[in-house]
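One structure, pasted below without further comment.
The chains carry the letters A, B and C, assigned in the order they are written, with residues numbered from 1 in each.
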Amino acid sequence: MSLVRLDGVEKRFGDLHVLKGIDLKVEAGQVVAIIGKSGSGKSTLLGCINGLESHDDGRITVDGKVVSEDARSLRELRQTVGMVFQQFNLFPHLSAGRNVMLAPMVVHKAQGQASEALARDCLAKVGLAEKFDTYPDKLSGGQQQRVAIARTLAMQPKIILCDEITSALDPELVAEVLKVVKALADQGMTLIMVTHEMAFAREVADLLVFMHQGRVHEVGAPAVLFDAPQTPELCQFLGAVL
Amino acid sequence: MVQFTFWDILRNLLLAAQWTVLLSLIAFVGGAVVGLIVCVARISKNPGPRWAARIYIEVLQGTPLLMQLFLCFFGLSLIGLNVPPLAAAAIALTLYTSAFLGEIWRGCVEAISKGQWEASASLALTYPEQMRYVILPQALRIAVAPTVGFAVQVVKGTALASIIGFVELTKAGTMINNATFQSFLVYGLVALLYFALCFPLSLLSRRLERRLNVARAS
Amino acid sequence: MNYTFHFADVFAYGDLLLRGLWLTILLSAVSTVLGLIVGIAGALGRNSEIAPVRWLAGAYVELIRNTPFIVQLFFLYFGLAQMGLKMTAGQAALLAMVVNLGAYATEIVRAGIEAISKGQWEAGLSLAMTRWQVFRHVVLLPALEKIYPALTSQFIIVMLGSSVVSQISAEELTFAGNFIQSRNFRSFEVYFVITGLYLLLSLGFRQVFRLIGKRVFGKG
C-alpha cells in the first residue's frame, strides 16, 4: 500500500480552480520532486497533503488514514507529515534549540531533558550542534533552513514536504541545505519536494511530477522526463528553466 | 473671597492630580481586562463573538467619550443606582479603553505572519497551543509600545470626568479658577501637570518601539 | 426597573438638534482643512534646517499631544481672555480644534514625508528642481496618499472630541443636548439620541472620506 495516495483531488479558491483532479501515489522511501510554473498549484497540493489546505473533492490517504478536517485526525496526520517552507518560518522568539524542542514538548509531552537531548541530536544531524542557543535572527538563511529541517525531524515524521526550500536563499547557501536533504533521502526518508533545482531533482528524485494548470501533466522517472519530455508544455518549461 | 497664593494653587492641583492618577489606573487595568476579552472575541473563528466585538468597537470608537460618560452617569441613575461620579467615570473609561486596547491587540496578533501559523500547524500544534506558544509571545512583544502609548489617551480621557462632577485635576482647576480668576496661570499649571504625567509615557512608548524596530532590523 | 422612556420629548426639539448637528459638521470640516495646513507647516518645521524652528515645532507637537483637549480649550478660551485676547465661544472652539488637530497632523504628515523614499528626492533634485519644488511637485501628493487613512481617523477623533467644546457653550450638537435636557429633564434619552447622531456622523464621514479618497488618489 502506498504511503501517500491522492485520488481525484480537487481544490477551488472561490472561482479559481487550482487543483483539477490530482492522482498520485508515493511509496515509503520514495523521493518525489514536483516541478512546474508559478501558480500551477504545487504549494496548494502540498498543503492538501498535510491538511493546511482543505480539499473540495477526491480523497487523500496518508499512512492508511483518510485526510479529513476534524481536529483530532489533523493532529495525528501532522505528526506523520512534516513540512519545511520557503521562508523558513522559524519562531523568532525562540532559540534554535527551543524551536526544535517546542513541538515534542507540547505535542508529545516530552520531558524537558529528553526533548533537549532530542533537539541537540536533530541539530547535529543538520550540522548545527553548536547553534543550540542562537536565535534565528543571528543565523544565515541556510542555517535557518537547516534548523527548520531539524525542527521537523524532531517530530519523527514518516514523510517530509518541502516547498521550494532553497528559493529564498542566496546562491552560495543553497548547497548546504541540499546536502542535508540528500542525506535524508539516502537514509530512506520519504520526501515530497517542490523545487526549482533541476539538477538536484534529477540526481535525488525517484519520481518527477510536472504540474501544469492544476493537473499532473507529466509524471515519471526524472531521467526520462528531462531527456524526453512528451508534451510541449514540459518542453517549454524545461527550455525556460534549463 | 479666599486668597490663593501660587503655592496654594499648585498644592491643590497636585492633590487633585492623585485622583487623575487613580482614575487612570482603574480605567487602564479594567480596560485591559475587558480589552483582552474583546480581542479574543474579535479574532475568534466563531462569527457570533467576532461580530459582537466588531459592533462593540465600532460604537465605542464611533461616539464621543463624553457621551459615553453621560450615558453611564445618567443611565445608571435611571436604573436606580445612585453611583458616585468616580464609579460612572471608571465604568465609562474602562469600556472606552477596552475597545481601543482590544483593537490594538488584534492588530498585533494579525501582524504575526501567516508562515508562523502554518509552521506551527505543521508541527501538529492545536489552535490554543499555537496561540500560547507561538503567536501570543510574539504579539505581546509588539503590543507593549502601542499599549503604553494608549495609556496617554487614558490619562487625557480622565479629564472629561470633570464634566460629570468628579473632582480630578481638570475639575480642581475649574474650581480654583472660579475662585481666583487667574485662568492663564491655573489652566497653564493644569496643562503642565498633565504633561508631566503623559510625556514620560509617550517617551517610553517611543523608546520601546524604537528598540523593537532595531531588534527587527538586525 | 419601571422607568418609561420618553424619546418623543427629545425629538420635539428636532430643529435644535439639527442646528447643533450642522455646527458640529461645520466646526469639524473647517478645523480639518485648517488643521491639515498647520500640520503641513508643522511637518516642514520639524524637518527644517534651522534648529530653533525644529525645536519649536517639536515642543508644539509634544505639548498638545500630551495634554487633554478640554484643558487646551479652557486655556485658550479663559486663559487668553484673562491676558486680554477675548474670543467668542465659537472662535475659541475652532482655534482649539485647529491647534489640536494641527499637532497630530504634523506627526502624520511627517511620517508620510519620511515614507517617501530618498530616491524620489534625489531624482527630483537631479532634475535641477529646488527642494521646495521637489516637495511641492514630487513628494506632497504621494505622501498625502500614504497618510490619508491616518488623517481620516484623526478627523473622526477630532469630530468626536468636538463634543467637549459644549463646555464653553459653543452651540454644537452636545450643547444642544445639554440645553434640551435642561428643559425636559430626560437626560438619558437626550444623550442616547445625541450619541446615535454622533455614531451616524462618524460612519457617514468615513464613507465620505472613502469617496473623496477614490476621487483624489484614484483608489479606495
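Keep in mind that, in the parts below, a contact is a pair of C-beta atoms (placed from the backbone, for glycine too) under 8 Å apart; a residue touches a chain by one contact, two chains touch by 3 or more.
From a predicted model like this one, the values you see are computed outputs, not experimental measurements.
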item	value
Set of chains adjacent to chain A and to chain C	B
Pair of chains ranked first by number of touching C-beta pairs	B-C
Cα-centroid distance, chain A relative to chain C, in whole angstrom	53
Whole-Å gap between the CA centroids of chain B and chain C	20
Separation of mean Cα positions, chain B and chain A [Å, integer]	46
Parts of chain B lying in touch with chain C, wherever the complex brings them together	59, 61-68, 70-71, 74-75, 78-80, 152, 156-157, 159-160, 162-163, 170, 173-174, 177, 181-184, 186-188, 190-191, 194-195, 198-199, 202
Residues of chain A that touch chain B when the two form their complex	50, 52, 71, 75-76, 78-79, 81-83, 85, 87, 89-93, 102-103, 106-107, 137, 148, 151-152, 155
In the complex with chain A, residue positions of chain B that touch it	113, 115-116, 118-126, 129, 133-134, 137-138, 141, 215, 218
Parts of chain C lying in touch with chain B, wherever the complex brings them together	1, 3, 62-63, 65-72, 74-75, 78-83, 156, 160-161, 163-164, 166-167, 174, 187-188, 191-192, 194-195, 198-199, 202-203
